[in-house]
Amino acid sequence: MLERHPNALGAIVAIGLNTFREAIRDRVLYLMLVFALIIIGISRLLSLLTVGDEEKIIKDVGLSAISLFGVMTAVFVGVSLVFKEIERRTVYTLLAQPVLRSHFLFGKFIGLFAVLLLNVVLMSAALFALLLFRGEPPWPLLPALLLIAVELAVVTAFALLFSSLTNPVLASVWTFAVYVAGHLSWSLLTLREKVPEGVARWICDGLYWVLPNLKRLDLKAQVVHGLGMPEGYVGLAAVYGLGYGAVIVALACWAFSRKEFN
Amino acid sequence: MASEGPPALAIEGLHKAFVGHLGIGRRPAVEGVDLRVRPGEIFGLLGPNGSGKTTTIKLILGLLTPDAGEIRIFGLPSASREARARLGYLPENPYFYDYLTAREFLDFYARLQGIAKTDRGDLVRRTLERVGLAGRGDAALRSFSKGMTQRLGLAQAIQHEPDLVILDEPMSGLDPLGRREVRDLILGLRQAGKTVFFSSHILQDAEMICDRIAILKAGRMLSVGGLHELVSQRVRWFEVTVRGALPAGVEAHHPAGREDEHLVRVADIEALRDLLDRAREGGAQVVSIWPRRDTLEDLFMQRIGASETPDTTHA
Amino acid sequence: MRDKAIVMVLVLVCVVATTWSGIRLEQTGVEQQRGKSLLLLPNGKHLKAASLGQAPLLADLMYLWAIQYYSEYEREDRFRYVKHIFGDVIAELDPNYVDAYWMGALILIVEANDLEAGLELLDQGIAANPENWILPYLAGWECYHADRFDCAEAYFAQAEALPEVPVYVKRTRIGMAAAKGDLRRAYAMWLDVLQDPRADSGTIDIAERQLRHLKVKIDVQEIQGWVAKFQFENERWPGALTELIQSGYTDALPFDPFGRPYDYDPGSGVVAAPRDRILPEGS
């Protein structure tokens, strides 16, 4: 008799590793990475156009590239991973295993996030190298990079949620929509004042609190200008982002466990 | 051969309909399927394409949820992890991760089954041998042919020695050699006391190995039962190939391959004996005698509703 | 079952943690630092390049943001970057965004009391939009309000010279000459603008503001007149404006366009309007 002890943690780790390996081979990932590195390189040229603080341009462009390409990778690779598996029915044999569907999805999230983290590390390394080469200490950028990673976790969670619910095109669109909405939260506050009192205001308030306020995870401006932050801000923002991401991942797990495969 | 205990697979009152886009249109896929698979037997789910075989299997696996009905595996609810731990599954036209090697692939599935690291290497090696992929452990799945992919699919389905193996069109797209190997594998599983449930639209394969069958048409179950109960053993007629001049009064049913050979059909043993005598007397040679029994195909055609049972010669 | 319960509890904890941190961030967070973020507004040209062809949209978004930003009257150092935001960033992104020029100019002129800076901004807008008559017309009026009749005349001439300019603009220069100091005449002229069926919403906005501004001036003049009369007849300043009603100098006191009563200092007898705002309350 074969000894078998299927356990949740083992399954999640196995799936995570597998997803990591699969994502690493996704061409889109390399495309994004190469683009980002090129842009970081170009920032050096751009800095020649400005008068005064050249490093500001490099830092600005670098951080924006890391953030933007990170988000695009999260969306495209995340959505396509789930899609490919379902399309090619690889997922059928996996779901026949004694593993809960939610563990399966969580493993996918872990694997995907690991790849994105690796991406961020690589791009940051390139940026740091460039800055160090120019004699500029890059360490102040770390808090912003940390929160960029947290932002990516949130976006990835949404990508997985939407790809469990609908086809890849719509899933990508929805995820981007949430990303944009997350960065325009402040406009909801403006809108709130313009609409008449009552239900409309409640809707604005509701949306403001429910949608992820990604601006809170955006420290790019602060670190580039060396502006102070309230104490413990980074920790607080990380709690916000990770907590939010965790809830979305839970939602995605739930959505995936109710999915019909026909 | 079939042993005691709760049925390996018990389906009761299964219903599933697919709803079209925006909730418009309702297409029933499975309507009222009831069947029981005894432990240790080989059960064939047969039917034309689109009859609901794959849907039924997906319902068993929990890839779809039924609108109504209950499915139990060894008495356990089919959706539970305990039930899934006792089964192995091969989907139709499987496709696996391109970038893994065969060994990595099986190792991954072994991990999901919770097999300890120390046992995995050995198990993977043995499994590869069982399915005839012994030398291909390190080949990338990307390079596998259809037949090899099918064998690998079987490998992951049986690797953890499940008590119930569910195969969706396991023989599809395989050459005769491949089909024979799969048949042998299935027979080997029964030998080891496992239960096999497979779907197919290739009747000859089913006829060769099944203990019991069910026939589906348009989501409804038309027949279910032992193969030999449903397909009678009685001889319908004899086909005799005669070489040389035909005895007087005997008509050739139709010409056979060679110019001097004729095919004669006789209704029963008596008529056969008569023909043999007369052929011998007339100096003709009886080359072959074939008893035409009911085949599964006959039953199939009858139930599925083809107009006439066509004449078939022994394949 | 137990696993499910654990997961539900964890999710609940996450929801609570997220909400709590969200509230804390709302209060103490980087949002408070928005003022400082103005330092980070890049050069308009850079921003335009970065917008990848979506410059007008970006201009709109910037304008929206600016409105919200400048609505906070309590913010210290409000006026430091007005010219940069409206004149450099938004103007560079969309030079034809007329609203931005006059909004920025009015903030500078009316709230910061910086006529020169405001006029500079309007000049920039005029240069970028040579066919637009409302900008020089407005510039002219602002000069007029500041009693700079020479530069007012120059601007009105500029406006008048444009093709397809409404008829009442042509009348302005002449009328203004006659109306130096006649607020009611000015009021009537702006009413013409407001009632012109071809006026667009930007023009209407300007007209309404001008009308409000003129009404305030007219009201203050009127009340000041009654106060002076009171003083002349009673040899003292009235204790409060309501005394003017009690003593029969007027039946009622006017309110400013926002419904607020006019300020009055009994010590000096000076009537003034409450602080003028360009952006409505709670914008």
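Note that the chains are named A, B and C in the order they appear, and that numbering of residues resets to 1 at the start of each chain.
In this text, a contact is a pair of C-beta atoms (placed from the backbone, for glycine too) under 8 Å apart; a residue touches a chain by one contact, two chains touch by 3 or more.
Keep in mind that what you see is a predicted model, and the values were worked out from it rather than measured.
Shared contact partners of chain A and chain B, listed by label: none present.
Chain A has the C-alpha centroid lying closest to the overall centroid of all protein C-alpha atoms shown.
At the far end from chain C, in terms of centres built from Cα atoms, lies B. One finds 47 Å separating the Cα centroids of chain A and chain B. We define each chain's centre as the mean of its Cα atoms; on that basis chain B and chain C are separated by 83 Å. Centroid to centroid, with C-alpha atoms defining each point, chain A and chain C lie 41 Å apart. The multi-chain contact residues of chain C, meaning those touching 2 or more other chains, do not exist; every residue touches at most one other chain. Considering their complex, residues 1-7, 10-11, 14-15, 18, 21-22, 25, 88-90, 92-100, 260-262 of chain A touch chain B.
Chain B makes touch with chain A in their complex at residues 18, 55, 58, 61-65, 81-82, 84-85, 87-91, 93-97, 99-100, 108-109, 111-116, 119, 123, 153, 156-157, 160-161. On chain A, the positions that touch chain C within their shared complex are 8, 50, 102, 186-187, 189-190, 193, 209, 213, 215-216, 219, 221-222, 224-225, 227, 229-230, 233, 236-237, 239-240, 243-244, 246-247, 250. Contact residues of chain C toward chain A in the complex are 3, 7, 10-11, 14-15, 17-19, 21-22, 24-25, 28-33, 36-37, 39-40, 46, 64-65, 67-68, 282-283.
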